[in-house]
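Next come two complexes built around subunit A: one with subunit B, the other with subunit C.
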Partner chain A sequence: MEKYTLPKADLPKFIKEMIGKNRVYAPVENDNVTLFKEINTPSNINLDFINSKIPPKSLLFQQTETLFKFIPGTKGKIDPPDLDDKKTVIFGIRPCDAKSFAILDHAFTGDFNDPYFINHRKNTTLVGMSCTKPGINCFCTSFNDSPAQSKYLDILLTDIGDKYYVEVTNEKGKQLAKDLKKHMQPAKESDTEKKKEIEKKAIKQITRNQKTEGITEKLDKIFENPFWKEVANKCVSCGTCTYLCPTCHCFDIQDESTLTKGARVRVWDTCMNPEYTLHASKFNPRPARTNRVRNRIYHKYNYYPKNFDIIACVGCGRCIDLCPVNIDIIDVVTKAGEVKL
Partner chain B sequence: MKDNPYQPWLATIEEIREEVGGARPIKTFKIKFNDKNLQNNFSYIPGQCAMVSLLGEGECFFAISSSPTKKGFIEVSVMKLGKVTSALHECEPGDTIGVRGPYGNHFDVEGWKGKNLVFIGGGIGQAPLRSLINYVVDNRKNYGKLDIIYGARTSKDISYKQEFTELEKRKDVDVHLSIDVTEDGWDKYVGFVPNNLLELKPSPKNTIAITCGPPIMIKFVIQNLEKLGFSEDQIYTTLEMRMKCGIGKCGRCNIGNLYVCKDGPVFSHKQLKNIYGER
Partner chain C sequence: MVDEKKLQDAVKKTVSRDDVKYVVGYEKGTYGFQVTPSFAYDPKDADKFIFSPLCVYNLAVFPMLEEKPPLRKDQEPDTRKIGVVVKGCDARAIVQILQEKGLNREDVVIIGIPCTGVVDPKKLQAQFPENGKNMDIKTGKDNFIITIDEKTHTIAQDKLLDEKCKHCEYPTPILYDILIGDEIKATKKEDYKEIEDLEKKSMKEKWEYWEKQFERCIRCYACRNACPLCYCKECMVDQLSPQWVRRSVNLSENTAWNLLRAFHLAGRCIGCGQCERSCPMDIPLMQLNKKIEKEIKELFDYIAGIDPEEKPLLAMFKPDDPEEFIL
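And then the complex of A and B:
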């Protein structure tokens, strides 16, 4: 780990340096909503945000992505897929969203490698920004994570007053830092202490806690419990929780074509949609909201841990903030843990 | 396997056989990959599946219904139900389609050597069983007694009629066909497949039972196999779900933590008893 400090006044130079050699995505404010957008100048960046409304997973696992193009019909042809190789930096990503990429790695690799995700991931360097003011529904600490942890980032910046404390965690980070070093000074012991202090303060501000201990085993025992009907009663199947979840990876594949050209595209899908599992025969294994809401929780807290030994939730709180009927995953999981057997 | 698992290989429909007509028609498509090398090297085991697509219409996951003992082509049997299957039913020999695979696990054709096999199929559920039956018949000396129990709604709804006729002529295979309701000229069993099974009473001794058909049929077949003394690790089924990717990524075909496309489609009853999840 290399540690530096960067004077705040030099941040624009630092970012310009990155823009020169990379496509840079950064938090940009638009109509009171913060989103990760491609930037051409540092002045567009907004660092006064809790988190982006749409998670930056959308940059690696795109909402709509062309798998390949083709000439449609029964005499058709397929164009070889065109993979995007552009070097990319995601600047300002939060530690929780960076962790979501490590979670998604499991889904998109394994027996079959997903070349689209893997390619974006390989070409993307994560330059994170610690949370010093976590949101009201943040709960990354429930997974023993911290709003200022560098673990899943290549480079992490932490606001320590008049300067940023910069941690370069790995080879990828070092590669990018080569060009940035001229703007930075080696960190002093006092800077490191200051970062720790800021981190402690940030952790203290997180008031919500999800009880996740033993949850995977507990869920094994309560699949048929009426608890799930209660939880699902108010769900309106809008899918917001899943579309805006940084770890949800479900997708649909559709052919879009005119008479002469077409493309096979994949788009985000959601297990909250009844059509998601509907067979052509009209049989539906998950016909009710109870089935679907339960599937969402089980996928994150039981199936994913069983398959990959990690809970598929990072505690970003988006699904709580944005659910139109206030389904709260912290309460749901904590209460599931308390269901009497 | 190529680098990009989403990119299908182009293939040509060689021949189309109408298995069943009427309101829910079934056709079998004989397919050859356009790349000869690929055709020669494409290997699969009964039970495995393929993603078949018509460019511009979409993709569907089908059991490969041919046996790998028949070289030089693959076959899939398709019931006309949705958008893609309807478009496939409009195809003609010579048309180009996309194929990727093979996907999923397979029947334990090696582990079942020396055992008696009972196949219990209904409707289009016969497609994966047909692959296994032809494989076993082509390697006849490796297996014990073979019983094929198959039923359809009416005699017109029976798939693979020609092949059943050929199998019925063999002395080393017992075929037990049935239809759901009585019909003039039908001298075989009338009634549902699970009942036919119960009356035939195959012995569970050194036997594996493999079933595929509508979910309701599978449910009662398994109940009846248990009545006949089959244990949960002597019963196998092959399942289907709505699927998009075929490679365990898109999410929708899960039963609990298992994906039917990747961890299935073949499951033992023992496995299914021990996982929860909607199916």
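And then the complex of A and C:
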């Protein structure tokens, strides 16, 4: 790991340098909503944010992605997919969202390698920004993670007062840092100490905790428990929790065409929607909200850990913040652990 | 101030009835100021029921969300009633559903609460972003009294009140089986000031404004699912053959969806604001609903959800209906 410091005043130069050779996405605020958007100048960036409303998964696994285009009919033909190779930087991504990419890697590689996700992932360098003021529903610490951890990032910046503490963690980060080095100085021992102190302070501000110990095994035993009906009673089956989740990755594929041209697109899908499991025969194995809410929890805390040895939740708190009926995954999972057998 | 003890007693009495399945009301949520829908299947469940200016949800949606699974040969359908705690606006949703025969009067027990107005959770969060263990709001004489742990703050009602409550003409439920407390006389008037300001914009400005809003839509359909009046068995936007709206999330399809939703509530929306509150992307959906409501009031002198015996607007015809808008 290489460690540097970057004077705050030089951040715009640092970003400009990146924009020169890469497509750069960064948090941009519009009408009080912060989202990751492509930027052409550093002045558009808003770094005073807790987290973006839509997770940056939308940059690697787009809500609507054209898989390929075609011409329908007897003289029809298929255009090969257009995989764009442009180098991309996601600047300002939080450590929790960076972890979500490592979780998504399991879904999009392995038995079947998804060329679209893999291509975006390969070309993207993650330049993160540590969380110094976590939100009220942040709970990354429940998974032994930290709001200032560099583990899943290529480069991580931490605000340590008048400068940023910069950690370059791997080869991808080093490649990008080559051109940025001229703006940075090697970090001193005191800077490293300062970062640790800031990290501790941030961790202390996280007040909510999810009890995840033994949850995977516990869920095996309570699949049919009436607890799930209690949880799902108030669910209205909207897609907010899944669409705004940095690790939810289900999609639907559709052909959208006119008489002369068409495209096969994939769009985010949500297991909260009854249509999600509706068979062509009209049979639905998950007909009720109870089945669907339970599935979301099991996918994250049981199926995923069994398959890939990692819980598919990063503790960003988005689904809690924005659920219209206060279904709270911290509360649900903690209570599931306490259900009497 | 609503007497919570009286409310809890009414819920206990209701849920004790053999012909009642459950009562849906409000309880304290899991963090901050959150209040969440609560379900009483048993008299003791009613002990957690509350009522405060944080009780923003329109619970009339829950009878509409009841799943009716296919029955086995020897099974009888569950025809028990559902008890619903409603404010003035929420009761209008039930009245509207009754008009449309989406529910029968005997399907529900209505526990009405005369309401002096609820807060806008977004305004509240902006004013008091901190988090405490014990957070509550009470309605004072002309202010709100806010408790965060041991500290109390008072703030003018106007600063936190939900926009719809500032113009509420029906504070007391129009229809109820049990009323908690005394009726409140309507003193406010809907003036459509915000809509008139929007109407003054040029066509170009209007498009620019709405493009910016619809661009953000993620098509989670929280607006539809949280709305008690969006209860079609199959929503038009979900139909595949024919497919009216494509699944692609882009400005064109998002615009189609948002306008479709608003128009399908024409003459039916009762203005509870549940769609806008549920929207994770902060799209001002009530402006669309209110615009249509205003047009309908002006053209047909019709207000949705105030008379269960009245026919729905789109199901009646009068020979002297205005038709100058027909091209």
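Criterion: the second predicted complex is superposed on the first by the 338 of 341 C-alpha atoms of A that agree within 3 Å, B and C clash if a C-alpha of one lies under 4 Å from a C-alpha of the other, contacts with A are read in each partner's own complex, and residues count from 1 in each chain.
Everything below uses one rule, namely that contacts are C-beta pairs under 8 Å (C-beta built on N, C-alpha and C of every residue); 3 or more make two chains touch, one makes a residue touch a chain.
Just so we're clear, the structure is a prediction, and the values are computed from it rather than from any experiment.
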item	value
Three-chain arrangement built on subunit A, subunit B and subunit C clash or fit	fit
Which of subunit B and subunit C A:Thr74 touches, first, second, both or neither	first
Partner chain(s) touched by A:Asp31 [first = subunit B, second = subunit C, both, neither]	second
Subunit A-centred angle between subunit C and subunit B, computed on Cα centres after superposition, in steps of 10 °	90
Partner chain in contact with A:Phe143 - subunit B first, subunit C second, else both or neither	neither
Which of subunit B and subunit C A:Asp111 touches, first, second, both or neither	first
Most subunit A residues touched (candidates subunit B, subunit C)	B
Touched partner set for A:Asn233, first subunit B, second subunit C, both or neither	second
First (subunit B), second (subunit C), both or neither touched by A:Lys306	first
First, second, both or neither for A:Ile320, with subunit B first and subunit C second	second
Touched partner set for A:Gln254, first subunit B, second subunit C, both or neither	both
Overlay on chain A, subunit C to subunit B nearest C-alpha distance, Å	6
Overlapping contact positions on subunit A, where the subunit C interface meets the subunit B interface	252, 254
Subunit A partner contacts - residues on subunit B that touch it in the complex	1, 3-8, 10, 53-59, 81-82, 85, 91-92, 95-98, 215, 240-242, 244-245, 247-257, 262, 276-279
Residue ranges of subunit C in contact with subunit A within the complex	29-32, 34-39, 57, 61-62, 65, 67, 69, 131, 212, 216, 218-222, 224-226, 238, 246-250, 277-278, 280-282
Interfacial residue positions of subunit A with respect to subunit C in the complex	30-33, 35, 53-54, 63-64, 136-137, 207-208, 230, 233-234, 236-240, 243-244, 252, 254, 256, 265, 267-268, 270, 273, 275, 287-289, 320, 322, 324-326, 328, 330-331
Of all residues in subunit A, those that touch subunit B in their complex	67-68, 70-78, 80-81, 107-108, 110-115, 220, 223-224, 249-255, 257, 262, 264, 266, 269, 271, 276-281, 283, 285-286, 291, 295, 298-299, 302-304, 306-307
